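Common to both upcoming complexes is chain A, partnered first by chain B, then by chain C.
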Partner chain A sequence: MVGRKNKRMIVLFLIPAMFIYVMVFIYPVLRTFVMSFFAVEAIETPIAAWTFAGLNNYIGLFRIDLFNRSVTNYLTLWFVGGIAVLFLAMVYAVILTSGVRLKKFWRAVIYLPNIISAIALGTMWINYAFRDNDGLFDRIVEAVGGQTPVMWTGPYMGLWSLLIAYCFGMVGYIMLTFISGIEKIGDEYYECASIEGANIFHKFFFITLPLIRGVVRSNIVIWTVSLGTGVFAWSFMFSPTNLTLPYTMPPNYMREIIFGGRGSAVVQRDSGAAASVGILIALLVVVISVVSSLITRKDDVEM
Partner chain B sequence: MKKFSRILALMLMLAMVFSVAACNGGSTTAPANGGEAGAAGGGAEYDPQADGIEAGASLIYWSMWSEAEPQAIVLAAAARAFTEATGVPVSINFNGRQGQREGLAPALAAGETIDIFDEDIDRVTGQWSDHLLNLDDLVNGVFSDTDGQPFRAKVNSGLMEMAQERGGGTFTVVPYQPFVFTTMFNKDLFEEAGITSNPTNWQEFLVACQQLVDIGIIPMTVDNSYIPALFGTTVTRIAGSERTLEIFENHEFSDPAILRTAQVFEELITNGFMSPRAATNVFPEGQAAEFAAMEAVAMYLNGTWLPNELREINPDINWGSFAWPSIDAGGAGPEAHNIGAQCFGINVNTNYPNAAFAFIRWITLGYWDQRLADDTWGVPMANDAVWPVQLQDAEVIFASTTDRLPWAAGAEDDPNVTAVIIESFQRMAAGTINAQQFADNLAAIS
Partner chain C sequence: MTRNKTIREPVKLKKELKLTPGYLLCAIWAIFTFLLIGWTLAASLVTPREIFGGDVIGTFFERLLRFDLVFNNYRLAWGAQNLSRFFLNSVIYVTISLPLIIIISAPAAYALSRFRFRFNALVQGLTSISMGIPAVMIIMPIFSLATALRMTGTRTTLVFLYIGMSIPFTIFYLLPFFKNLPSGLEEAAAVDGCSPVRTFWRIMFPLAQPGIITVTIFNFITLWNEFFISMIFANDAQIRPIAVGLFNMVQGMRYAGHWGAMFASTVIVFAPTFVLFIVLSNKILTSVTGGAIKG
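This part shows the complex of A and B:
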């Protein structure tokens, strides 16, 4: 039982945290939402100078080829990259929870990219792995008889190179979540299955997978949320000065129209449209989260 | 061993470039009093009282440089020396370019105490013009460190004219660290190829390219960041400056000059005069690896900041520069270049305008102007300063430029256009589209 005095103390102690939360999270979100319906040049433009624009910011965005390309890039990365990351992370998690030797070592190795700066990783990918002719990937292609240079960072392969580099860094993180889910499954399920003659695939598809559907759902959300913000830095590294078609993502486009170009100083700024981009990204994350919840809701199992 | 050192320096530099670009540099306050030996002395005898420096003044300067950059190191030392000479403390926030572009305007709008700020002249006089103090009286004023002349007479007149023009006829900024965007090249490679004089027109340029190819050197390269500037500058050599600006401003990409420019690039690519890596170079790979570390490429169309950017990788490059050549009759020539600068602005709300302007003079005249040029291999502001040896050719180009082009000749003003230019150029460099398809891609921009 919490006494009335204690309740007052709890409220009192919560006020500073709530105040900060409202000021640095709720207020900016609401302001961004409202801003998305107004014509606003600069982010610091006073509200009195905003002009109501209805849905024009949203409609206008989809008339811009570069923004449409950024959405296509983003969805491609989310879908293809998501499948690749979830699949690889699940495979690693199953292997590492199956009694393999040096489990901790392998887990650390796979997780390692998460503790290396994205900038260092980006430098490695761009200047070593994807480098024409003498880079790692071209050498592999050459070794198996393929034609080089593949031009990994060129206009045709650029998005796929970005996808590979970004996914490489995410697999370890998602894998740890899968491992924690799998380790919660009691050994007795697998022992019973073994007695009944189940092989490793039977165990995976009829025990592991059904019992970690909730974790899969969480990982889809984690992947979606992390992509919404994390891809910004990667796009920036592959195209450090200007927006380019293979690498542009909605957050990068948003930044460009808020602050202007990184090269030219006279790019037209449109913070209202940028707010619309932010709202669209948030909506996308919410929709994906809701859909993934609906798909897996009935299959959650109490362990 | 030397090659290994260069490769190691290249890798470290690339990591540093990305760090600087992505992390907005540091945010450090320079100590008010440092007392660096020999640093005091901004030129002539300094008399704070005669210059009207406000009693009790202290300055807060938001800088576009990142803390580790040579410019920031010199500015921090200059600030310490200024404090010693005048008693005015100077606090510097090194925000880096990205941090400055994202953070300064909201901070100014919120009324944060900032006395001096800097950035590219177009950005300061454009996006931040509402926050600028009118400097007409100060720029035309005579001070104890200006040898009895108005300040503006002591510094580069062309840059001051540019500052006045950008301010709509009044002075709102003072330029420093100016640059000219021109052909930067490796003189040793030119000499090795037997090129005895710098090309002045396109035919001579193509001959020089062939001479370089004949000795196994790739004439030029470009990174994805500088493709629009290469494109825009080349359009000026075909259509002329005014028409080029109209083309980009009004999206008139069906103009024959666009196809002609694409044909010029196609000729460079098919003859092997442009590095095949131009199709894939992610900045700064082309300039850092091909041009500086491996010295496999002889030319790069870039700003006069390039020697400073690359000196950690290869300090031994024998630098030269020449104007991007004339191409067609009616096009612009060596008189037309993108000339720009960083610039200082004083916050219209500052309580210490005289102290702020005294600090600006401290940086742009005398010892510290020369020191900034020497330590950054950069262009000085004062008329009596000496240009670094790496930029001696550029000094001539700078002086003979009468037609000041905007950045990339306008080719980078619309991100939708810029993205198509980069993509089309890279596809052509990859050998998958021709000049007509390049021009069609631009013409299709909605």
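This part shows the complex of A and C:
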């Protein structure tokens, strides 16, 4: 067991990490939570000058069109993008575990966007793939006889273009966790099913999917957590000079009301409300984690 | 267990035929990715006028055959537009952060994975929860704290945050590496009169090296690409890391019409993580889910 010397060592080894946890996570989270219930104009305002406002920050936020739009955008991206990413990741995971040649190469290519800076990737998407007339997507539309320019980065398609570009970078990571889940399933299940005459779809729905339910759950949580920070850069790329309706996302709105920022008089500085935005983003993560664990906990399979 | 076959199979036509839709989908993804990156590379080596001319990749090959690629784009991006400064900033931040992250995380992961004590479960729980906390929840209090300490817009604050953000994942990732080391190593060292702290640095730390190297690669990629925290805490052009620098440059160059230089800067920014990935892709890909996620 733990001797006295060991005890000293444990304390010594944990102190720096605990200091970071308190400074970077525990204290900020608590303070942001409290702040969301107070009227605070500037971020530098000391606690003594905060005035209690109850739920006013939250109520006030939902009276602002720009914020409401950012919530709708965010939830659309979360839901539609989430389904698309999980679906594509699952399809590619099944393909790569079905015995294709060059598996390592395909896996690397699909993961590749994940390691490229969002700003670099966004520059390529906006200035090449989505460019009007001679961009890749317009060329494809033109080739199949569609009307160009589609205006991929215009007000109508904007959110969907952002969604496509953001999801492109996320599929690889989610796919890898699916692959590791699928590879834990024993070969004998599939061999047995093959002998019984099952095709690839039977195998997927009756063997793979039930056995990787836990991975699906953790991928939903991963998707939700990463969206909160990940979408910030993309919203910025699509709308660099000020907040615009099709691309506004809650973290970007939050930055705007903390720092004022990009020369817009539309938004008033309000740090209390900014804290509420932070809480709402975190709330989605908490709700999704709890709900998905409640739904799938009972029938999880031990492997 | 895994379906990796080291012996090359003979081509069975029937089997390959069945897999055709799979190959097709993989090929679509690969072609698109190569076009996206290849076009950007090509565009970074031709003139802005040619970028609007349409066939960028064709022009690129023409120029390549004539040994006439427009390297001036890179010169402009690197020198006149100050990308070199942002690049250097990021190199500095990463060089300082990466070792410090390990020096703080490895001992903590070791203590948590090999000793039973009262708050062990609590600290491990905190580690998992911290990984799920969105950055939007932590920036405001830290910003006001930095203001109170007159440390906003300093490199120290930025590096401190980079380190802080990376620690939960690093501890979490290293836990199984220490846990799976043979038991009894500590006792043997103690018998030889080695103190617990020395035992860790001399024996356990080197043995966990595979995990430490892998997690450092991940941390490098994360920090090199980090945008949110940097955007909030590095407003001053002097201390901007590369992602924020690129963002500002791209906006400026679009207005100025420096299209070639814009793509050149994009290439310079993604080159380090890209090359690292090409060289180490197998190691990276098998470790993403290795210690971290249990299926």
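By definition in this document, the second predicted complex is superposed on the first by the 292 of 303 C-alpha atoms of A that agree within 3 Å, B and C clash if a C-alpha of one lies under 4 Å from a C-alpha of the other, contacts with A are read in each partner's own complex, and residues count from 1 in each chain.
Methods note: a contact is a pair of C-beta atoms (placed from the backbone, for glycine too) under 8 Å apart; a residue touches a chain by one contact, two chains touch by 3 or more.
Treat the numbers as computed from the prediction; the structure is a model and nothing was measured.
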{"item": "Fit or clash between chain C and chain B when superposed on chain A", "value": "clash"}
{"item": "First (chain B), second (chain C), both or neither touched by A:Met151", "value": "first"}
{"item": "If touched residues of chain A are counted for chain B and for chain C, the larger one", "value": "C"}
{"item": "Touching partner for A:Glu44 - first (chain B), second (chain C), both, neither", "value": "both"}
{"item": "First (chain B), second (chain C), both or neither touched by A:Lys184", "value": "second"}
{"item": "Touching partner for A:Tyr92 - first (chain B), second (chain C), both, neither", "value": "second"}
{"item": "Contacts of A:Ser292 with chain B and chain C, given as first, second, both or neither", "value": "neither"}
{"item": "Touching partner for A:Leu66 - first (chain B), second (chain C), both, neither", "value": "first"}
{"item": "First, second, both or neither for A:Thr208, with chain B first and chain C second", "value": "neither"}
{"item": "Touched partner set for A:Pro28, first chain B, second chain C, both or neither", "value": "second"}
{"item": "First (chain B), second (chain C), both or neither touched by A:Ser218", "value": "second"}
{"item": "Clashing chain B stretch [against chain C; choices 41-49, 77-85, 95-103 or 203-211]", "value": "95-103"}
{"item": "Set of chain A residues, in rising order, touched by both chain B and chain C", "value": "43-44, 118-120, 123, 127, 233, 236-237, 240-241, 258-259"}
{"item": "Residue numbers on chain C that touch chain A, as the complex places them", "value": "1-4, 15, 18-19, 22-23, 25-26, 29-30, 33-37, 39-40, 43, 52, 54, 104-105, 107-108, 110-112, 115-117, 123, 126-127, 129-144, 147, 161, 163-165, 167-168, 171, 195-197, 200, 221, 224-225, 227-228, 231-232, 242-243, 246-247, 250-251, 254, 259, 262-263, 266, 269-270, 273-274, 276-277, 281-282, 284-285, 288-289, 293, 295"}
{"item": "Of all residues in chain B, those that touch chain A in their complex", "value": "11, 14-15, 17-19, 21-23, 97-98, 101-102, 105-106, 108-110, 119-120, 122-123, 126-127, 224-226, 228-229, 276-277, 279-283, 285, 289, 406-408, 412-416, 418-420, 422-423, 426-427, 430, 432, 445-446"}
{"item": "Complex contacts: residues of chain A adjacent to chain C", "value": "1-2, 5-10, 12-14, 16-18, 20-21, 23-29, 31-32, 35, 43-45, 91-92, 95-100, 103-104, 106-113, 115-121, 123-125, 127-129, 134, 136, 173, 176-177, 179-181, 183-184, 186-187, 200, 212, 214-215, 218, 221, 225, 228-229, 232-233, 236-237, 240-241, 250-251, 254-255, 258-259, 271, 274-275, 277-279, 281-282, 285, 289, 303"}
{"item": "Touching residues on chain A, where the partner in the complex is chain B", "value": "42-44, 46, 63-66, 69, 118-120, 122-123, 126-127, 130-132, 149, 151-156, 233, 236-246, 248, 253, 256-269"}
